[in-house]
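Note that chain A is present in both complexes that follow, paired respectively with chain B and with chain C.
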Partner chain A sequence: MATTQLRKSAPGKPRFRKSWLPAHMLVWAYAVLLAIPLYYFLASAFKSNEAIFSSPLSPPTSFGFGNFRTAFESAGLGSAIVNSGLVTVFSLALTLGLAIPAAFGLARSRGRVASLVEKVFSLGFLIPTFAALFPTFLLSAVTGLFHTRLFMVLFLPATAMPLSVVILIQFMRTIPQEMEEAARIDGASTFGVLRHIYTPMCMPGIATVLLLNFLTFWNEYLYSLIIIGPDPDLRTVQVALPTLKSQIGTDYGVLTAGTILTLVPVWIMYTLLQRRMQQALVSGAVKM
Partner chain B sequence: MRSMLNRRGFISAGAAVAAGVAVPGLSGCGVLGGDESDPDTLVLHSQLGGTAPGSATFRAVLDTFRKENPGLRVKSLVNGDELGQVYETSRLAHKEADVVMVNLYDKTVSWTGLGATVAMNGYLDDWGLRKRILPAALTEWTDEKGRLRALPYIASNWPVAFNRAAMHQAGVEEIPLTGDALIAAARKLRAKGTAPVTIGGNDWTGQKLLAQIIQSFLAAPQAKKLYSTGDFSGIKGAREGIEYFVELRDAGVFTDKAQGLTTDSMTTQFNTGAAAMESAMSSALARVPDQVAAHTEVGGWPLPSGAVHPKPTILRTFTVSGFWVSPNGTKKIETVEKFVRFMYRPDVIARFVSEGGRDMAVRTDTLSDGFPLVAKAQKLGDSVSQVVLPDLYVPPSAVQPMIQATSTAFTPGTSARRIISALEGAYRNA
Partner chain C sequence: MTMASSVRPASRQAVPPAPAGPKQRRGTRTTVLAVPALAWYLIFMVGPMAAIFVIAALHWPGMLQPTSFAGLDNFRVLSDDPVFWQAVRNTGVQLIIALPVMIVCAYMVGYYVAQKPPGHRVIRYLLFVPGLISTPAKAMVFYAALSPDGLLNGALKSAGLGSLSDAWLANPDTALYCLIALDIWAGIGFTAVLFAARLDSVPEEIGEAAQLDGAGHWRAMWRIQFPVIKEYVGVVAMLQFLWTLFGSAQQVLLLTQGGPANSSTTLSFLVYEKAFMESDLGYSQAVGVVLFLAGLAGLLAIRRAFRQSY
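Up next, the complex of A and B:
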C-alpha cells in the first residue's frame, strides 16, 4: 500500500495523506485563531469607535491615516519614541557591557565563590518588580535623579542582569577550553580571549539577550511613569500612549493606531535579531 | 594574537559609553528638577491631553497664554487616569507641578487635608474670582473644615439621553417620566431588537446611575449621609431605592450583560442606535454623532410612585476639573495667579464652552451651540430635579469596591438584599 502511494507521488514532493486531513484542519484553525486578534488589531486602527464596536471583524471602509496622525500628534509620540529609543539603547549597551564580562568570568571559574555569585544572580528572579518600586523611587529622589532618564538607564540594566548573565553563562560554557588555550599560546590576553573567542562565538546568545531585554526595556511602563514622569520632553512611549485613553470615553481607533506606531521599532528589532535568536533556541543553549 | 582593543582602549570606550549614557539624563535634568524654583517657568499637570474632551481647546488657549506672556515658559504635563499617583509621588520628592487640573474624586478628595495641595480660600478673593465662579461650585469644592480645595473650573450636566427615532420605531412616542412608563417602553424597544437603557455596569457610569436610582426615595441630606456612612440597610429610603433598581433591572430596562459593560461600550451602543437611552455626562453627549443627535432629547431619570423628587432626576456636578495649587506653586504664586486669572477670562471660558463643548463652573452666557445635546442639557434648568453626586461623600478607599459592588447590582438575578450586602461590604472592607 505504502509502495503504491510512493510510486504515485512526484519525486521530492511531500505526499498528502487523507489521514493527515484532521491535523491540517486543526493547524489551520489554530493559525486562523491566532490571526483573528492580529487582524482585529490592525483593522481597528483604520476605524471609528462606532465601527469597532458595532462590527468588530468587518474590514475598514477606508485606509486613511487620520487615526495615526491624530495619535502621533496628540500624544506627542515622536519625542516619546526618541526618548524610549535613548533609554533602551543606552540601557542595552550598559547591560551588555556588564553582563558579558560577568558571564565570562563566571563561566570560566570553577571555584565555590563563582558558584555562589552565579546563584546570587539567579536569586534576582525572585524579586517581584512591584516590590522594588518604592525603594527605587526613594533612591532616585535621594540621588537627585528623579524625573530624569539617566536613572532609568542605570536602573534597567540592574533589573536585566540576572537573566542576561544566566543566559550568557550557559552559552560561554559550551565553548571548548582548547579554543582559549590556543589563543593563549598565540599571546592573547584575558580581554583578547573575551573579545576574539567568547564574544563572537556567543553571538546567538548575545542576540537573545539583546532581543529579550529590548522588549523588556521598550515596554517598561510602571517605573518610567513614576521615575521619569509625564514631562513630554522626557516621557517614554509607554507613558505617552495612555494619554490617548480617557476616563470619559476612549477613541479606540486612535489608541490602536498609536499602539501600532509604538510597535514598529519592536518589529524592526525582531526582524533584525530573529534569525540569531532562533538559532540560539534551536541549538538548545538557552536554559530557562 | 593581540587584541585590537587593549585595556586602555577598553577603559576609553567604557568612559565614552558612560558619557553617552549621561547625555540623555543630563539633558533631562532640570526640565522638571530645576523648574520648581524658577518663577518664569510654570509647570501644569492635567488630564487634558490626547483626545480627551476639551483638550484641543486647552492646548489652543495655552498657546494664546504663551503668546501673551513671551517671557514665561509654560510646561504642560499630561496623564490619564494615573495622574493622582504620579502627582503624589512627585510631591513626595518635592518635584510636583505648580498647578494641577484634575477632578475632585477618589484620592484627590483628601489632597488638601494631607498637604499635597494648598487651600485656595485666600487666593479666591485676592485674585478677584469669587464673583466669576458659581457659588454652588464653591460649596462643592469646600471640605468639611471650610477649606476650598481648588478653584472650580469644569462642570458637567448628567442627564438621560433619549433617541426619539429609535423610540418612535418601537412605538414609544413619549419620553418616559415614571418607572412604569420606562418599563413599558423597554418592552416595546426589546420587541424591536433595540436595547432600552445602555450603561457601563462595570465602571463609574454604572455606579453613578445606581446612585441616582437609589436616591429616588432619598432627599439630599439623607443621600449625603448614606454615601458618607454606607449604611444602605439603615437609612430610610435606601432600601426602597435599591428595590426600585431591581424592579427596573428585572423588567429588562438595562441592556443585556450591562454588568460587564464600560463607558466605551455604553456610548458606542447609544451612538450607533443599538440602544435608545443612556445616562451620560455632557462631555459624552458632545460626541454623539450628528445623525443620532438630531433625533435625541435629554431629560431626567423616570421616578417611581412615592418618590421624594417632584420631577425626573439628573446629576449635576461642578467637580470635573479645578485648579489645584501645589506647595511648589506657592513659591511662584505671581506666575500662578497670572495663569489662573487668564483661564477665568470670559473669552477663554467661552472657548471651552463653544469650541470644547464643556460645561463650566463659571458664570458665562455662552452656550455650546456647536454641540446641540450639550446645549440642550445646559437649558434643562428646573425642568428636572437634581440628586446628589456621591463622589464627594464616598470615602476614597471605598470608591473602587463600590464599583465592584455596582457590577454585582447589574447582574441579573441579584436580590436587593444581596446588593445592599455588597454595597455595605464595599465600605466595610475599604
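Up next, the complex of A and C:
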C-alpha cells in the first residue's frame, strides 16, 4: 500500500497540530447543530408559546410540569406509552422465541438446505419493508386483525427476523463443538443443549438483537399509523406524538414536552448501555 | 459462512473422529428449528412484497370496489401523469444532494472521531443522538425549528436578518430542501458513528506508518484509510440510499404532505398518498414497483462503485 513510499519526517510530532484547527471547528459546529435543537426542546418544554417566540434560546424561568401534564392528557400519551410498551415487549419476546431456535438450527447444520435458508434470511436485508405497506394492510384486513395491536406484535418480529437470525448465527458459530459433545455425554437433549449451552453463551448476541429491535419497534411509525390506527385507546406514542401539532397555532411547549416524553425510554436505555447500544447498531448495519 | 466452515475442522482435530458421522446427520435435522422463523418471515414480509406486483396489474379504484385485470394500464397512466414525473424529479434531487453530502461528511467526521481528539467522547455521544430518535420526533424537531414562529426565524430575527425569514415548509421553493436538510442533519451523525467504529478496527500500524511517512491528515484520511474501508463505505451508502428512497414517505407525511403543489412529493410518499389518501390502489402499487426497481438498480450501482479495487 501507500506505506511503501517512504519519506523522512520529524518524529514525535504532536498528533493534533494546528492544521487540525478547521477540522476541530467544523466537527464541533456540527455537534452544536445537533445539540441546539435538543436544548431548544428541553428549554421549550418548560415555557409558554410567548416565551418561546420572544427568546427561543433563553433558559426557562420556572420548572413547572404543566406542559408535560397537558401533553400527557391532550394526546393521551399515558395510554400511548402503555400501548407502545405492550407492542414492543411482546414483539421482542416473539422475535427471540423465533430467532434463537432458528439461528441454533442453522448454525449447527452444514447441510445444503440450511445454507439455502440462511441465504434467504440474509436476502431479507434487501427487502424495503416500507414498500409493502399496502399489501401488509390488506393482510391485516383479511386476517381480521385490522386496527389491533396484535397484528403489529405478529408483524414486527417478521421484519426483524433477517437481522436477528444472521447476527445470532454469527455468535453461535463461535461456540466450540466440544461444549455440546460434553453435554451430550451427560445426556442432554437438543433442547437441553440450546437452553443450557447456546443460550447462556450467546447472551452478548441476544443483548445486541434485543437492543437493536427495541429501538426499531419503539420507534416504528408508518405501520403503526396504518394498522393500529388513530384510536386513542390503541395507538402508540409515535402515532400520538404528531397529533400535538395542529394546523391552527401549535402549542410548542406542549409539543416539545410530548416529544421528550416519547424519548425517555430510549434515553434511559442509551445512557445505561451506551457502549453496547452503539455496538449493536454498528453490528446491525455491518451485516447488511 | 465460508470462514466458519474452514475454521471448524481445525478445532475438531482434538476430538476423536468417530462421532463426526452421526453428528453431521443430527446437525442437518436441526434445520427444522428454523421453520417457524422462516414461515413467519415469508408470510409477513415476502408475501406482501410479492403482492405489490400483482396489485400493480389490477384496476382497483378503492378498497371496496371490484377489481379487474389491467395489465400494464397502470404504468401507462403513470407515465402520462405529471405528478409522477414531479415525484421522480424530487426523489432524484433528494438522492443526488443527500447521499454524497451525507457519506462524505460522515466519513470525515467519523475519521476525526476515530483519531480520538480531545472531547471525542462528548462528540460521539451527540453524534449518536439522531440514531435514537424516532422519525416523528425528528420531524417534530424540524417542525418546531422551521415553522413561521420557529427557532430558525426567531434566530434570524434576533440576528437582525428578519427579512430572510420565511415559512420554510410552506414555500414550494424550500419545502423539498427542508426535507433534504432533515435527512442530512440526522444522517451524518449516525453514519459517522458507523464509520468511526469501522475505522477503530483498522490496525493502528497503518495510521502510524502513514504519519512516519509524513502524510498529512488529509492524505491519511482519503488515500490510506479510505481504501481500507471502502467496501464498508459502500455498504453504508447502500443502507442510506434505501432509507432515503423508501423512508422519505414518513418525513413528507409528517411535515409537508407532499405540498405545496406537489413540490415535495417523493416517490415513496406517492405510494402512500395514492393508496391511503386517494384510494387508487393499482396506481399506488405500480409506483411501488417502480420504486422497487429503482432501489434494486441503485443498490447494484453503488455496489459496483464501491467494489474493492485492490
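The definition used in the following text is that the second predicted complex is superposed on the first by the 223 of 288 C-alpha atoms of A that agree within 3 Å, B and C clash if a C-alpha of one lies under 4 Å from a C-alpha of the other, contacts with A are read in each partner's own complex, and residues count from 1 in each chain.
Heads up, the rule we're going with is that contacts are C-beta pairs under 8 Å (C-beta built on N, C-alpha and C of every residue); 3 or more make two chains touch, one makes a residue touch a chain.
For clarity, every value in this text was computed on a predicted model and none was experimentally measured.
Applying the stated contact rule after C-alpha superposition, one finds that A:Y252 touches each of chain B and chain C. Applying the stated contact rule after C-alpha superposition, one finds that A:A93 touches chain B and leaves chain C untouched. Residue contacts after overlaying the shared chain place A:I226 against chain B and chain C alike.
When chain A is checked against chain B and against chain C, the one touching more of its residues turns out to be C.
In the superposition on chain A, contact is made by A:P242 with both chain B and chain C. Look at A:S58: by the touch rule set out above, it reaches neither chain B nor chain C.
In the superposition on chain A, A:F41 makes contact with chain C only, not with chain B.
When the two complexes are superposed on chain A, the residues of chain A that touch both chain B and chain C are 49, 52-53, 137, 154, 226, 242, 244-245, 250, 252. Of all residues in chain A, only 1-3, 5-9, 11, 13, 15-16, 19-20, 23-24, 27-28, 30-31, 33-38, 40-41, 44, 49, 52-53, 55-57, 98-99, 101-106, 108-111, 113-115, 117-118, 120-121, 124, 126-139, 154-155, 157-159, 161-162, 165, 173, 176-178, 181, 190, 215, 218-222, 226, 238-239, 241-242, 244-245, 250, 252, 255-256, 259, 262-263, 266-267, 270, 274, 277-279, 281-282, 285-286, 288 touch chain C in the complex they form. Chain contact summary for the complex, chain B toward chain A: residues 1-7, 10, 14, 17, 20-22, 24-26, 28-29, 31-33, 45, 47, 49-53, 55, 75-83, 85-86, 89-90, 92-93, 95, 204, 263-265, 267-269, 271-272, 274, 281, 283-284, 287, 289. Across the complex, chain A is touched by residues 1, 4-5, 8, 11-12, 14-15, 19, 23-24, 26-34, 36-38, 40-41, 43-49, 51-52, 55, 105, 108-109, 112-113, 115, 117-119, 122-137, 139-141, 143-145, 147, 149-151, 154-155, 158, 185, 188-190, 193-194, 197-198, 206, 209-217, 223-224, 227, 232, 235-236, 238-239, 242, 245-247, 249-250, 253-254, 268, 271-272, 275-276, 281, 284-285, 288, 291-292, 295-296, 299, 310 of chain C.
The residues of chain A lying in touch with chain B in their complex are 49-50, 52-54, 70, 74-75, 83, 86-87, 90, 93-94, 97, 137, 140-141, 144-151, 153-154, 183, 186-189, 191-192, 195-196, 225-226, 228-234, 242-252, 254.
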